[in-house]
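Chain IDs A, B, C, D and E follow the sequence of writing; residue 1 opens each chain.
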Amino acid sequence: MILAKVVGHVVATQKYDELRGSNLLLIVKLDDDLQPMKDQTWVAVDSVGAGMRDIVLAEEYLALNKERYKAMSVVAIVENVFRDA
Amino acid sequence: MILAKVVGHVVATQKYDELRGSNLLLIVKLDDDLQPMKDQTWVAVDSVGAGMRDIVLAEEYLALNKERYKAMSVVAIVENVFRDA
Amino acid sequence: MILAKVVGHVVATQKYDELRGSNLLLIVKLDDDLQPMKDQTWVAVDSVGAGMRDIVLAEEYLALNKERYKAMSVVAIVENVFRDA
Amino acid sequence: MILAKVVGHVVATQKYDELRGSNLLLIVKLDDDLQPMKDQTWVAVDSVGAGMRDIVLAEEYLALNKERYKAMSVVAIVENVFRDA
Amino acid sequence: MILAKVVGHVVATQKYDELRGSNLLLIVKLDDDLQPMKDQTWVAVDSVGAGMRDIVLAEEYLALNKERYKAMSVVAIVENVFRDA
């Protein structure tokens, strides 16, 4: 998983059935100082109710069980990052 | 998923059975200003009827259920990108 | 999938059973001008009878159905690339 | 798998069910001299009881059997690295 | 698959059950002149009895059938690389 920040969203009417009803969040990967990185933006399906400017954990391949695969997803809202190194 | 732009297509007669009947679109990843990036081109199977110069969402691994895996695919046509950060 | 060019092959007698009987092609990723890129070389299993100097589509993860996974594979021989952007 | 160092952890209350009860470690990829690399940080689920400053093996996709997929995981604590080349 | 060279190994007592009994090889990706690349090192499970300084094929995701997934693996020992381009 990567640490990312929610910076926007995407509107797409014509889309794959799997994506219907999903919030499509624009997220940017964070660097070691938790600042957004240039040209490291993805669109992720929201699974946890994340909002603008939230720091989140995003996972590229979310396959919870053998029946179901999901596109890149926000899987957690981060409250604190402890780093010492 | 990544934000990409449709910039062309590829013709390939001799191909894997799985790809028969698929449109093979040439897509380029977009940077933070939604401009095409250099040497960030992929060939993607069209799943939503995307056309030239459309901005799209592309997903590298599309496995809707356990029976079926698809190569890199265009999964949505993007109408608007809202970004504030 | 990526656009690549076949530039050679690899001989490996001692190999995983899954790879027995497969042609192991050396392929190089192409840039936006369809020129080979430096240090962007992979070894791919040939699935379509590609030959030296062919431009091909290569797919990193080829899993046609749930029974079978294949290593990076050449999945199509490209005749024409149309690009306008 | 990559060689990485545990440099911290992440607190996230609101998260995907799959992640409940997991330790979310902050790990940094190591370079050829076993030094942490800049902006090569991931969040990984701990599977082996790793602690701060441990050198570990991390695996991006951990799918032990067909029933279960796990997010990026720490899969081993490294005691020694022997390198000669 | 990538061309890589075996440059060492890793000792890890505390590890995921799946990795027990496996040789953990340190492999480095090779450039177009078959020279080791800087900071392109992985740890791979040996599947073919590779030794120090062998040139090998490594595959990041080895899933031979639906029951079993393996971490990054050395899948072949390379005897010759023919390249002409």
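In this text, a contact is a pair of C-beta atoms (placed from the backbone, for glycine too) under 8 Å apart; a residue touches a chain by one contact, two chains touch by 3 or more.
Listed by chain with UniProt protein names: A, B, C, D, E = Ethanolamine utilization protein EutN.
Since this is a predicted model, take the numbers as computed values, not measurements.
Visitor: So if I look at the partners of chain C and the partners of chain D, which chains show up in both lists?
Guide: E
Visitor: Show me the overlap between the contact partners of chain A and those of chain E.
Guide: D
Visitor: Could you please state the distance in Å, as a whole number, between where the Cα atoms of chain A are centred and where those of chain C are centred?
Guide: 31
Visitor: Could you grab the centroid distance between chain B and chain C? Build each centroid from C-alpha atoms only and quote it in angstrom.
Guide: Centres of chain B and chain C (C-alpha means) sit 19 Å apart.
Visitor: Going through chain D residue by residue, note those that touch at least 2 other chains and give them in order.
Guide: 61, 63, 66
Visitor: Round the ring, from chain A on through chain D, what is the full list of chains in order?
Guide: So the chains, read around the ring from chain A toward chain D, go A, D, E, C, B.
Visitor: For the complex, give me every residue of chain C touching chain B.
Guide: 1-3, 31-32, 37, 47-49, 57, 59, 61-66, 73, 75-85
Visitor: Would you tell me which residues of chain E are touching chain D in their complex?
Guide: Touch list, chain E to chain D: 5, 7-16, 18-19, 24, 26, 28, 36, 38-39, 41-44, 52-53, 61, 63, 66-69, 71-72.
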